[in-house]
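Two complexes are shown next, each including chain A; its partner changes from chain B in the first to chain C in the second.
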Partner chain A sequence: MSKLVVVRRVLEIIVTLVLVTLVTFFFTSKLPGNEAAVICGPAGPACLAKEGALLYLNHPFFPRYLHWLGNLFSGTFGLSAAPTEPIATLLKQSYPITLELVIFSQLIAIVVAVPLAMYSAVRPNKVFDRMSTAATFATLSLPAFIVGPLLRYFFTVKLPWFPGAGSTMPSIGVNPAQNLYVMFLPSLTIAVGSIAVYQRLLRADMIATLEEDFIVMARAKGLTTWRILFRHALRPSTFTVMTVGGVQIGSLIVGAIIGEQVFGLTGLGYQLVLAVTKADLPTVQIITVIVAVAYILMNLIIDFLYTVIDPRVRRARTT
Partner chain B sequence: MSRKRHVRDIDDLEDRPLLEVENLKTYFQTGHGIVKSVDGVSFDLERGRTLAIVGESGSGKTVLSRSVMGLLPPQNVIREGRVRFGDVDLTNASPQELRGLWGAQISMVFQDPVTSLNPVVRAGRQITESLRYHLAMSRQDAKETAISLFRSVGIPEPENRMQWYPHQFSGGMCQRIVIAAAIACGPKLLLADEPTTGLDVTVSAQILDLLNRLQQERYMSVIIVTHDLGVVTGRSDDVIVMYAGQVVERAPTTTLFRDARMPYTEALLKSAPRLSNPSHTRLHTIPGNPPNPANLPKGCRFAPRCPYVQPKCREEEPPLRQAEAPRHWYACWYPVGTPEGVRALEENQAAGVPAAMGVV
Partner chain C sequence: MPATLGAAIFASDPTLRDDSVAVGRAWYQGLGWGFWVAVAVAVIWVLLAIFAGVLPIQNPDTINFNCLGSGAGPSASHLLGCDTIGRDILSRVIYGSRVSLIVGFASIALSFVVGGPLGALAGYFGGWFDEVWSIVSTVFLSFPSLVLGLVIVSFLGNSEFDIVLIIAIVAWPLLFRVVRAATIEYSQREYVLAAQALGSKRSRILLKIILPDIVPAAITYSLVGVALAIVGEGALSFLGQSVGPPIPTWGNMIAAGMTQMPQYLNLLLAPAVAMFSFILAINFIGDRLRSTLDVREGVL
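Now for the complex of A and B:
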């Protein structure tokens, strides 16, 4: 990417970030209730005045926004309302869980969907294709709040192959095997919804790619089907999957809530629900911003991946 | 790590041509019935010689070239007849055997070089992959071979260009890369399917000269499929003229240009522009369209458009007959340049048959 493009991208990101924070703060500040009241609970007006001053509640919108933004960029993220503690502490415990859940679940989805899609595309509308299409559609119509409890019931209670909800989970750096063991079922719960999406999209693109002249030429070179599929057909077929995957992963940061709830994991989604029920506005605001930033980052990564996968995009961007 | 070669070695049979095609048929099952794209084609080709297959769009020439090779879609295809290549019967070869031949012993150069190259794979690797797979070359050997191939097909700065992607090359350069990929493993037979159709005239002449030179250097047999008789002149030893899936005339190139017998060949020769004509001469056209290959007329398939047509033509299909010149065959009841042919044309002109009126 040329310098100009990088500069333009950075400017775009800055503008998006400003808008996201502004909109988030504007709407959450218009919600009924005020943070000071949540913090003080039954305590008296002295407390309300003190907390109100700390939160800049008596200031007009813009100074209040700038104050909040300052907290955001200082990395402390301010204090949550109930109980009063630095939001940063809260996030430090919950974001690795969500991050892992998102990555692990998408890895599972890709590992399952890619071979299914490729094999379906090689023999479209034959028995295997129809069966895998039916199966993935079935999973698409199963919401996570059904899949999660079912998986939990069958694989922790009926067949105790996996640890139940609320099991102690070492961080992935300390004991990766145990960590992945505990995370497998929640990740699978979330993965189920993504498998069908990836399988359908990749299958369709793959069928189109296999009609291309360069595939005929690869066949004429005498290469095996396996080589043609992986070396020639897979990469040019991944654009739609990547685009949708980016959106999918962004939405999963909140979408992981169900997986987290069912298996008792205290990730970001769990924290967000908790904060909403407790009317903990500062936490809600921060998590909303984090989700937005995650979207922006995902899009940036996807844009970068396009250039890795397709040299023509690389050139279009430099010229 | 020792690598395995994937080549089916072939032996030339003594006193027999490299390639023999016998009554080859290729039908496609479609929603509109059976399409007879290739309908009983026979020919043979000696080592080191060039055969041109000429015909208009839809005459089945591209399908013929793919059918010879066995490179057809896996489904809804009926292929009958025999294709012998060296000591291998291509019509009965297993998929594994075919893969050992494709790219190694038989190669194909495609019509559209730009879409025939994988857009996301570097040019060099599109050459080295065959070398590594078929000939089990090491990475370094394959790279050096590919560079020398690039050089021999006339790509400047081959070391650099190896790293380029197809979209960075012009159409003519892409065709040179496709040719380099096709000849990489030293095939005995090269099929070129309209190799110059997408290119402009000067580039297309260069590509044809390149193919000629490579053929002589490597002693390959070449089949050039084309709709352009100009491509054929001076570059091919023999010509096959196809119409509606059949061979209607087959002759050594000079014989065909001097002594065409089949009215369709005559019409094709007339419709090519000539430098000897005064400028702004109207080009001759063949009235009508080729028949629908799913619904072929009875008798001679060219009859509906033929200036020489007689009642017999609409009833009986003419077989391939030998002409006086050696190795010259044609399928016509009233051949051009014979007394029957002249009479048939005069009768038609007198009767005002539209197809005959344009012929002078």
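Now for the complex of A and C:
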């Protein structure tokens, strides 16, 4: 990868980021609702004038956008709708929940999908493979807002094994066991879709890898099947999963929004839906921009991880 | 009498005759019975949605007081039971299909009409036109779909037309990319180069030579898009941001079934199974068509 390509990629990212803020601001500013009124609630005209001035409400679109962008960069996020609270506080309380949800769900997905895919790949087109492949195909048609309510019904109402929706949750630093206990079902809700995607991709790649010469070589050396699968075949079979993993992050965020709603967790997704319901535009803007930026950066990181995992790509890109 | 010269050659040469069976096969052969089951399920839902008004089912807004008192479980007069305020679930599931299906097909048709031509032009002509539209599509794809959907709901509103527009805004970049990638790939082929060498006009090459090859791929992806659009509408609806009550949608019925009467599974299961069956059917049809038409995976 020449320097020119790197520069081009960085420029692309910067242009995309700026345009993302512009699109977000556009869709959340030209509205009938008055942002100041939403913040002030029943408070008087003095409040309206003050908040209106802070939000540049009497300025045209572009000055208002630039003012907002400046605030965004300096971390001045302003106030949420009544009952007012600094948006920064709101974010600090909610982002750890969403982050944990996404990470936990991916751990569950990997723990389930990798053995499923491996067992299927070792005996392709046998009964187990056919069944798990059919099951994952069906799972791809099960959106989180069907999986979540069903899990909630069966495992908190019918069989009260897990705490019900809206249970108080200690932070993971204080009481990790209780925290993970509450987080398990919401994470599983998101994980179900990921399991299907990972199983299918990993299975296909794994079948191809197991036919390579170095696997025959490993067998000839007398290594155990276990060791061959985990030490030799797994890593070269993960590239497609990694690439798709980047695209997947978008659907994880969607899953998190639904999962938080189903199980009453006050993460970023929950706050976003709440803010949309309250027409609380400043909060909608900030959460949207943060989520979009995180999404773009995660894709960038995955691009780099790809070169770390596959030495062949690394060599191809550096030459 | 063979219909074409190619078929005549196949028929005359005994060494080619075996291949001629495969060549002469229509596109719809070899799809398997599962494909036709899926088509049947999808067609049944479309018919139910269209003819909901003439079916012997209750109005979805009718409140049955007999149902209120006796609980919400299934009974002879209400096959799938009633909801919290005594409305017939079966009727609501059938009427609920209308919003999902209209939004699913209309929004993807709209993104097809916008994203398809843009993608073909960008892919074929390249240059600044391609640069600009590629950046625009990247920007729209930089938002997780539901986040963008929620933001635009707060901008446009939540009438059925708004929801169609919103999902089209979220979905067009995908169709743009698929069509653009396919156009680039096909425009490198020998027969296109041959047409260029013969001096065909560029508009003729794009419309008459490249386009017919792209359309099957685009339609297959659109079908998958319909499933995604229905899921998208369902998610908005589940979050209470799609078409408002009392209009039944599968998404808002699932949300209601989850919260209002957790002891009655039928409230939740009826719309969930309805939605699952339709999405599964569409995905299965798309999957079979994709492998039969040999549409390249991963053109995104």
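FYI, the second predicted complex is superposed on the first by the 281 of 319 C-alpha atoms of A that agree within 3 Å, B and C clash if a C-alpha of one lies under 4 Å from a C-alpha of the other, contacts with A are read in each partner's own complex, and residues count from 1 in each chain.
The working rule: a contact is a pair of C-beta atoms (placed from the backbone, for glycine too) under 8 Å apart; a residue touches a chain by one contact, two chains touch by 3 or more.
Remember, it's a predicted structure, so these values are computed and weren't measured experimentally.
For the composite obtained by overlaying on chain A, chain B and chain C can both be accommodated side by side without a clash. Using the contact criterion defined above for the overlaid structures, shared-chain residue A:Met217 touches chain B, although it does not reach chain C. Once the two complexes are overlaid on the shared chain, A:Ile258 sits against chain C while remaining clear of chain B.
In the superposed model, A:Pro149 makes contact with chain C only, not with chain B. Within the superposed three-chain model, A:Arg227 lies in touch with chain B and out of touch with chain C [touch as defined at top].
In the superposition on chain A, contact is made by A:Arg235 with chain B only, not with chain C.
An angle of 80 degrees, to the nearest 10, separates chain B from chain C at the C-alpha centre of chain A in the overlay.
Comparing chain B with chain C, the partner in contact with more residues of chain A is C.
Per the superposed model, the minimal spacing between any CA atom of chain B and any CA atom of chain C is 13 Å. Residues 12, 15-16, 19-20, 23-24, 27-28, 30-31, 137-138, 140-146, 148-150, 152-153, 157, 247, 249-251, 253-254, 257-258, 261-262, 272-273, 276-277, 279, 281, 284, 288, 291-292, 295-296 of chain A are the ones touching chain C in the complex. On chain B, the positions that touch chain A within their shared complex are 6, 69, 71, 98-104, 107-108, 110, 112, 115-121, 129-130, 133-134, 165, 167-168, 178, 181. By the touch rule above, chain C contacts chain A in their complex via residues 135-136, 138-140, 142-148, 150-155, 227, 231, 234-235, 238-241, 251, 254-255, 257-258, 262-263, 265, 268, 272, 275-276, 279-280, 283-284, 287, 300. By the touch criterion given at the top, residues 212-214, 216-224, 227, 231-232, 235-236, 309-312, 315 of chain A touch chain B in their complex.
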